[in-house]
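Sharing a structure with you now.
Naming follows writing order (A, B, C and D), and every chain is counted from residue 1.
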Amino acid sequence: MDLRSPMASMASDLLRYGARHDGGYWNTTGASRFVLVNEILPRMRADGCRTFVHGCVGGGNDQRRFARYGAQVAPEMSVVEPWTSPRALERFPDRAAMLAAVTEHGLRLDQGSGADRSTDANLAGISHESAELEDLETPVTRLRPRWSRWPQETSAEPETVTVVFHEGRVADVNGSGPDPVEWMARANEIGSRHGVWLRDVVERRIIGTVCRGVYEAPGLELLERAWTRVLQAGLDAAGRELYDRLAGVLGAALYEARWLDPAAYAARDAIDRLVGEIGGSVTLSVHRGVVRVERMKVASDVVQQTRFGSGGNRWSEIVAV
Amino acid sequence: MDLRSPMASMASDLLRYGARHDGGYWNTTGASRFVLVNEILPRMRADGCRTFVHGCVGGGNDQRRFARYGAQVAPEMSVVEPWTSPRALERFPDRAAMLAAVTEHGLRLDQGSGADRSTDANLAGISHESAELEDLETPVTRLRPRWSRWPQETSAEPETVTVVFHEGRVADVNGSGPDPVEWMARANEIGSRHGVWLRDVVERRIIGTVCRGVYEAPGLELLERAWTRVLQAGLDAAGRELYDRLAGVLGAALYEARWLDPAAYAARDAIDRLVGEIGGSVTLSVHRGVVRVERMKVASDVVQQTRFGSGGNRWSEIVAV
Amino acid sequence: MDLRSPMASMASDLLRYGARHDGGYWNTTGASRFVLVNEILPRMRADGCRTFVHGCVGGGNDQRRFARYGAQVAPEMSVVEPWTSPRALERFPDRAAMLAAVTEHGLRLDQGSGADRSTDANLAGISHESAELEDLETPVTRLRPRWSRWPQETSAEPETVTVVFHEGRVADVNGSGPDPVEWMARANEIGSRHGVWLRDVVERRIIGTVCRGVYEAPGLELLERAWTRVLQAGLDAAGRELYDRLAGVLGAALYEARWLDPAAYAARDAIDRLVGEIGGSVTLSVHRGVVRVERMKVASDVVQQTRFGSGGNRWSEIVAV
Amino acid sequence: MDLRSPMASMASDLLRYGARHDGGYWNTTGASRFVLVNEILPRMRADGCRTFVHGCVGGGNDQRRFARYGAQVAPEMSVVEPWTSPRALERFPDRAAMLAAVTEHGLRLDQGSGADRSTDANLAGISHESAELEDLETPVTRLRPRWSRWPQETSAEPETVTVVFHEGRVADVNGSGPDPVEWMARANEIGSRHGVWLRDVVERRIIGTVCRGVYEAPGLELLERAWTRVLQAGLDAAGRELYDRLAGVLGAALYEARWLDPAAYAARDAIDRLVGEIGGSVTLSVHRGVVRVERMKVASDVVQQTRFGSGGNRWSEIVAV
């Protein structure tokens, strides 16, 4: 099933709504859970399916995400989660027992999925967790990036990227045109080439443990620098403060699988109003892991300061605000 | 007057309290205003001075900062601000009239202080504003960094830095020892060598204009990466959320010259409690403008996740939170 | 000019958006400034007026409110504020000089407007400030309410009121029907009869002084109890938290005359989404200044708890959230 | 075991830290859970006990509160919760089975504890839940208050109360003296006599159900009116905003049994700084459920507004803030 188009639309939403998680990383894995359920369940229903079975292990984030979205997208379908069922757990107490059963039934298993690491990839990004990285004393460079590379391994030549925004959404990335699949791919390609990707985050999980995750999102990281500049130039101070608060609400909503809850709809409506008419063209310089805003052309009305340009430092009377 | 020591202590506070301003930059210029008033006025008072005169132009941030801190640090001294006095403004309507008066009285003037740019430097960082940079279409690279350099002009070799934190403060940077003047200088030196410094921010000022400022704070930027990792490992989720909120309160307080207000004292007390016992040793890799946390040794009690390390993905029952 | 209808619509908005100010009072005076400018200026423009003159004294809230709304509602009209003009201030340095000039020109003056108190009234409420009440040691009962009365002077008989909400707005108050002018009048009448009105608030103004204001809003106070119950029953926890935050944003926006700013539009859009489909019928008991929710009939879907009703305290297994 | 003194100290903390829950009620039941565990476990440990057994039913707030506080106050003691143990649940599937077992073993049972309601009382307040009140259409007046009475049943005569605050704590209530047990009893007695008590709140629980609870806290409700006035007069605007935020953090911490978590300690430290030196004497009028601030004498330094008192409405120039 090709879900690149809805995943690209979701990436466009992530950027527009600033839905980053704790520590500022793009929680592309959480986002993909929504896309998967939202796209697959209607097709299953159309095929006459009445039950939604998924293999997430109990107690994890993903298990809750599939459960919540499933109940919202297809409330009439029942959800079966083998790894929270006492009977299944009795039959397969651990991974070894499961592997034995797979072999016993002559089934094929992807040998790559060892138990010591977990990688999740989609058009918007990749997340990595592993036994080795769990230890905070492990150098992060033990990780081999999948799309991108470490900055010191990248090209010696800087590259210039122009990102155009129109009505609060990306309209073009270096000639990609406005289709999110196209500009997302273009941004990923440029970002990867120059080692723009790393978010190495240590999170305190709700249950109190510390967990290190590494996130590759070269395209979104690159676009975020440009989008932030558009927000800086296009929103007034109160608008920016509200945007930041609501973006925080939406980042948490995505993590907790509350993207379809009333508060998330409301937060998106508010941001639609704030950014629905802003735009501009931002020129970035990308080089060895660094994305720098070089300059921008503002599309919306902005009163630019001309403190110096107007002939020197103003020596004026106090102006009451 | 050598104020490096109080300025270094202030830099240590900026880091501990996360007091960054809108857009995340280190408002080292605002911080220095507090240090200046807090250090100079007591000495002036001791010398018998009764009046505090400063030359800030009317309506600007600095004029309000000197006025507020002056009133708090030495309430019995009167403040004279020539550039908000109607008589002074009548006599010197613009910069040209002032220059003429200076020449006329045979006084010497620092030729460097042209009207088209404003730079402010101290041990913690440098801020740049100028007529040229005001225009958002001007490439930011027109700016010549003062301490640092552009990443592409830096050394080809990465460098490793170890930052040790003890009781919520920097205790060592690559052997500097715990004196803030020493570790601040060391961090600035390393950061500058590798082009770690840039914050190019477009702010919407209260009066509604858009203003671009560029901030060099190579040492604080470098230390911030390490400190953030210590916070990630040392605080629980609720503690981190409260830290972030209070850091926002303190960042705004510093900008608005409210560092000595009751809310700022209260916010610092709360953060003192949160971070007063956390520490650890963080190893950074610094290269061409990128600071990466390589690994860390945690000093405080932390329950590290051993999801993979404990023998595979847990297939366990749901654990109620 | 009869502005009861737009003022009643504004009161309906105040309730829907929870736009109360610091301390929880209904800032009906601030709200009326928006209504006045928003209604009068278009009529002035239609009559060919090019200048908007108002008599607010300098430095006060109202002066800024008229200025801001004037610039937004009719940006092409110029604003003249005699009491901030140096020439006018020279001519009339104080109230006595103004009174002399009025008499001198044979003009009539409303004798009621003494200098020792300030009252502002509209369909939504009344605000009182005065020289006597300024002193925090003055008993608040020195004030004579204008619409309402002190609870001990009210009828001995409780009264029952039923407020119906539909799609997030008042649809009826004891048979008033859905016209805001009608239900606002009905609510004011009932609230006044039973002494429901008082908000005696001491505010710290921005300039640092302490100021006591007393607010009569019998109708809005009464309706607020019912609306809060509808919100409690109709919103989920995250929705309620977001509502409360945005209501705070809008309360401040109204005080600061930012009701037409982008952040205020955005906050209203979000609340429209949250409350646009909630409703119900709330029965209140009103007596001697106390409004109590007796019971409610919920219109929206609500999962009511049946902890006891379902046959006793549940002795069930932990349910993971 | 007489825990009135620690419970009164806790009530003093509730007031000082503004730790009210969603909807503004005093969560005295949650507060008492902390006091119980904090007082009883050290005595148990001193007696050589190694296990802490409590009878809370599974999945409820109290079960989690006892578990969390138990782990913090006496981490070395093990906790046994029969109603979450599969074996106990098999043996006693419902309340009837439990009652049968009690009778069978010839044990005595408090006949008052029927399954259709739940009341919890301590020095600070009482909470009521019941099968009847669960239904939002049930008139709240079906409830018989336990300490207090409905306003219409109270004395016809208003009463005056003077509450003195010193260093951010109650120092006296109508001559009670500074012992919290004494002033808490005095405030409860006066509040009860005049029907000051009701908080009828409908909460959306996390699990999505709607639940109505009724809270009697006559003393704390009365004191809160006085304390709010002291805060209004004693804190500046930024201090008040921070106080309100932190009070919200602490109200949630109390509900969720996080009173001993680092964020709660930090929030209390900040409020200690804000209110540690404020005080004053507030005179309340109490009558038929209404508590009104009549006047106050401020102890701390306050710049009172003298807008009218200074000889009329100021006609002055704009003063920049």
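Criterion: a contact is a pair of C-beta atoms (placed from the backbone, for glycine too) under 8 Å apart; a residue touches a chain by one contact, two chains touch by 3 or more.
No experiment lies behind these values; they were computed from the predicted model shown.
Any chain bridging chain B and chain C, meaning touching each of them, is among A, D; the list is complete. Where the sister copies chain A and chain B meet, the same residue numbers recur on both sides for over half of the interface positions.
Between chain A and chain D the centroid-to-centroid distance comes to 42 Å (mean Cα coordinates, whole Å). If you average the CA atoms of chain C and of chain D, the two centres end up 30 Å from each other. Residue positions of chain B touching 2 or more other chains, listed in rising order: 59, 235-236, 318-321. By the touch rule above, chain A contacts chain B in their complex via residues 22-23, 57-59, 83-84, 86, 89, 92-95, 98, 115-118, 129-131, 134-141, 151-152, 158, 198, 200-211, 229, 232-233, 235-237, 240, 283, 285, 287-290, 292-298, 302-309, 311-319, 321. For chain C in complex with chain A, the residues that touch the partner chain are 59, 235-236, 238-239, 241-242, 245-246, 249, 253, 258, 261-263, 265-267, 269-274, 320.
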